[in-house]
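Please find the structures below.
Same chain, two partners: chain A is paired with chain B first, then with chain C.
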Partner chain A sequence: MLILQLLVSGIQTGAIYALTAAGFALIFGATRIFHVAHGATFALAGYAFVGLVNGGFGWPLACLGALVLAVAFGLAMDRFVYRPIQRHEGSFFTVFVAAFGVTIMVQSLIEIGFGRSFAAVSTPLTRAHQLLPGLYVAEVFWVAVAAALVLFAAVTLFLERTRLGIGLRALSENPELLRAYGLSARRLSMIAFGLGSALAVPGAVLTAITTGLQPSISAQVMLVSLAASVVGGIGSLRGAALAGLLLGVVENLVVSVLDTQWSSAAGFVVLFAFILFRPSGLFGRAVAR
Partner chain B sequence: MLTRRQTLAAAMAAPVAVPLAAPRLARAQQGQPYVVGTLFPMAGPNAEYGGVFTAGVQMALDHIAADRMLGRPVELRAQDSQGTPQGGATGMTKLASVDRANYVLVGFTGVSKAAAPIAARAKVPMVNGGGVGPDLAGLSPYFWNVIPLVNLEVRALLPWLGRSGLKKIALIYVDDPFGNAILAELRRGLPEVGASLVGTFSVPPGSQQFAAVAAKVRDAGADAVYFASYGAQQSQIIKQLRDNGVSQQLLTYSGATLASVAALPEAEGLVFTRQAADWSSDDPVTKRFVTDWRAKHGGDPGSYHQNYYNGTRLFALLAQGLEKQNRPVDGDGLRAELLRVREFAFVGGKASFDDQGCVTMPIEVNKLQGGQYVRLS
Partner chain C sequence: MIAYLLNLATLATVFGILAASLNLLIGYAGIFSMAHAVFFGLGAYAGAQIAMLLVPDVLLACLAAAAVAGLLSLCLALPALRVRGEYFVVASLGLQMVAITVFSEAHAVTGGHGGLVGIPPATLFGLNIGDPGAFLLVCLAVLALVLLGIRVLMRGSFGRSLMAIRDSESAAKAFGKDVPRIKTLAVGLGCALAGVAGALFAFYMAFVNVESFTLEQSVLVMAMVIIGGTATLAGPLIGVLLLLLLPAGLSFLTFIPPTEIGAVQQFIYGLAMTLLMIFRPAGIAGLSTGRR
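Take a look at the complex of A and B:
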């Protein structure tokens, strides 16, 4: 029963990881911008949710507030940080440093606004009940799994069946060619940042009610997002989602055979294994040089 | 041979010349502020402690300035230890070499152990009011503790455990010198009260996911769960244990005396040890501290506020003693003065230091009820 319990915990953690990583993968896949500030988007959304709930607003309004803030921040990063850099030189390093700087700034602002301590929303949704002898499942498990499935289905449909979605997928390949089809690369980039940032919100809200938040959570979010993106295949939304799930399950299952100490490290063993034996990831394309 | 005029001139100049003939160091000291450094985590998952520690230091500095305890002003220089040994070593190097700190306040076991050799080389006294690893005792001649170390806290909990009938204890501990010290102390002490460790679960300091640990803890069939962690991780452990069906009694040490833990609904009923604090005491130092604290912060102070107030006050008392003796306020002087005086009027009453520079204070067992600390024993 311990294995089954760990599997259930792993699926819940993995669903949240998948939601966390998906936004980063979508933005990177479409724009090839290494959006380190995605962690800051996540933190802002999470803290906005906590702040609004603690401020007496209902959950729907709090989620909406988190969504608006996350999307606004993503769009602002694209418009006021990345675009000016790309207009001049657009080097990877400059983009990284700028995004990293903004992340630190956001962390400081959160510390000023919410303090430096742990923040969470307590809810009966996260209280596990005994489903079978020795197997405890909380309602949030079903919420996390359902949210992940519905969102990925919706985003996949959008990317594969709509003109804008196909445009987003083409954006990283040939922005010039997009113009021939009447699509604007700038507008598509905005959509990528808006959608990618919106995708961070469910993960942020679920994290706020399960593990809780701290101002420095951006770094952890980026670590998970990067690991999932590499394991899933750089730029692949489907890959990042599956890899997030895989990392969550591995982190939990590994404690059935190893000390609990190795839980976090296990995910990174998976990452190294992929880098060594399948560098293109689960759904990435191998490129010959 | 002196003429009468020369003798008269010398006699008239004497009142001016004597102070000028005082030790050069004493003259050099005038006007230059003493530098008190802090090496606290100011960012990252343990940053809440940095704010708490600093608040205690600042109130002490306010009182030192108001009382004009010292002949020179005291300047505060802060370095962010990030709560890590690497951050501690870097921060201490800056405090000793760049800021030229006379005295440094520090917290966290790992930070202290990394920074202490650097402070010892520079002969800068370090005073710990937050780290509780037992190996902080006697870390260096210039490293002193104004907080009872955790081995004493565990020992204070054992009689209560024996009386409460909690025999099977599971331990979740951070795999660092502090966590391993608690593991060793529980292994040694639990059999003395007829209890035992039925499961030990180590976690890395930065870990945030504890659902799997909760599953293992449930599987161990413990009567109570002791967790040895710090910072935001404590709240995450409490919340995730409760959320994942661990309903057993939770136990911990004074690290949980944080506002964020007290505010957590899942922490209700948490039993923890901390140094005894009687805020209704008539002792003048305690009374002034509590009155001013309540006026400034609108609530009761905590143990960490008390410790860092005492740590900063200790500097003022030692430096004041040295100034009176017209001796230089340096590392050797401060240490000699500490060992000479030994007993000081602190918040909480008289406190005495042993040869290793460790303070002795009573410890109590508390329970968290409705966000308030209720004394059990």
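Take a look at the complex of A and C:
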């Protein structure tokens, strides 16, 4: 039963990872920008939610506030950080360091505003019920799984079936040709950032009501998103989501063999193995070295 | 006051060695390692163990630290040979995270979260150099040696091959450069020097624990190199001075509550990194037009 219990919590963690990583992969796939500040988006959304709920606002309004802040932050990163850098140099590392700087800034602002301790919202949703003898599942598990499935299906449909979605996929392939077809690369990259950042919100809210948030969560989420998108194949939405799920499950299952301290390290060992033996990831195309 | 200044100067020198060694990777080899604190830590643990179990000789401890860090740098060289760019950064982040867990769990070698306590004062060839002034001189000498070594190496054939690989790996290969060997050597050298800095750090603090070797430390050292200017000799030193003096300066501003100083510092690091990347990507000591 222990394995099953760990699997359940692994899938719950994995669903959150999958959504966040899918947002990261969406942004990277369309714009080729390694949006390291995605973890900061996650932290901002989570803390906005906690702040609004504690401030006496209802849940729907708090979720909306988190969504607005996340999207606004994503768009601002695109407009004020990535675009100026790409205009003059655009080397990968310059973008990386700038985004990392923003992540540090966001983390310290949260520390000043909310303190270093855990921030969480308690709800009856997280009360566990006995499903089978010895197997406890809280309602939030079903919420997380449902949210991940529905949102993932919606984003996939959007990318496959709508003009805008096809435009987004075209943006990564050939921006020049896109312009010839009369689509604006700038507008599309804004859409990618807005949508990708929005995908971080459900995970942030779910984390706020389950394990709670810490200022350092942005670094943690950033690492997981990066790891998931590498394991899944950089830029592949499906791969990132699956890999996110995989990382969540591995982190939790490892507890049955090793102490809990090793759980996040186990995820990174998986990552390391992928980079060494299959750098193109689960679904990636072969990449140049 | 003198003691305070000596303390600041010694720390700046140790971090100068560390930043110069990272500059070898980031600036000259184009290998963006986010795991430099790991090798700093390996050196510190190795140096501390030598001092506690054998003799507290600085030279011996530094050599042992360099050997340990240099050997284990293969963990970094392996992904560096396989992948580039984003992939490598992610790989090094992964290495950093795994290493932190190992550091805090391998109690026998690292003392876990409690760390290694009671590292004896340093000696050199039997001479006691535990006195702060004497130890600063030793550190300065090591820093000078490291800078001189990097300068000579980078002007020679090894350095030129390395920079050629950084700028275009395929072109360097086409000219018959042994790319894997040169890259592995560069990684090994950079990490070994980080190990030396770690050993000096361990002697100076007389205490090491895992807190000094976290991702934050890696980022701090990276920020020092980048803010100062990559691929320049003076850049990392400028970065070290700026980022070490900043905390010292901030504590004089009385309107910031002492509990928030850490967060304010972090905020300024972040802001400086972002603004520099937008307006001056080559760093303070770099050419104003950027490298390309």
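Definition applied: the second predicted complex is superposed on the first by the 284 of 289 C-alpha atoms of A that agree within 3 Å, B and C clash if a C-alpha of one lies under 4 Å from a C-alpha of the other, contacts with A are read in each partner's own complex, and residues count from 1 in each chain.
Criterion: a contact is a pair of C-beta atoms (placed from the backbone, for glycine too) under 8 Å apart; a residue touches a chain by one contact, two chains touch by 3 or more.
Because the structure is predicted, anything quoted here is derived from the model rather than measured.
Superposition model on chain A: chain B and chain C are shown in a clashing arrangement. After overlaying the two complexes on the shared chain, residue contacts for A:264 are found with chain B and with chain C alike.
When both complexes are overlaid on chain A, the residue A:149 reaches neither chain B nor chain C. Residue contacts after overlaying the shared chain place A:177 against neither chain B nor chain C. When the two structures are aligned on the shared chain, A:234 is found in touch with chain C, with no touch to chain B.
Of the two partner chains placed around the shared chain by superposition, chain B is the only one that A:13 touches, whereas chain C remains out of contact. Shared-chain residue A:132: touches no atom of chain B or chain C. After overlaying the two complexes on the shared chain, residue contacts for A:98 are found with chain C alone; chain B is out of touch. In the superposed pair of complexes, A:157 makes contact with neither chain B nor chain C.
In the superposition on chain A, contact of A:5 is made with chain B only, not with chain C. Overlaying the two complexes on chain A leaves one chain C stretch of 153-161, 207-215 or 225-233 clashing with chain B, which is 207-215. The contact surfaces that chain B and chain C form on chain A in the two complexes overlap at residues 107, 111, 259, 261, 264-265. Residues of chain C touching chain A in their complex: 32, 78-79, 82-87, 89-91, 93-95, 97-98, 100-102, 104-105, 169, 215, 219, 222-223, 226, 260, 262-267, 269-275, 277-278, 281, 290, 292. Put simply, chain A touches chain C in their complex at residues 34, 81, 84-85, 88-89, 91-98, 100-109, 111-112, 219, 223, 226-227, 230, 234, 259, 261-262, 264-265, 268-269, 271-272, 275-276, 279, 287-289. Per the touch definition, chain A reaches chain B in the complex via residues 2, 5-6, 9-10, 12-13, 107, 111, 115-120, 122, 126-130, 134, 136, 138, 210-212, 214-216, 220, 251-252, 255, 259-261, 263-265.
Only residues 43-45, 47-48, 50-51, 172, 175, 201-204, 206-216, 218-219, 232, 235-236, 239-240, 242-245, 258-260, 264-266 of chain B touch chain A when the two sit together in their complex.
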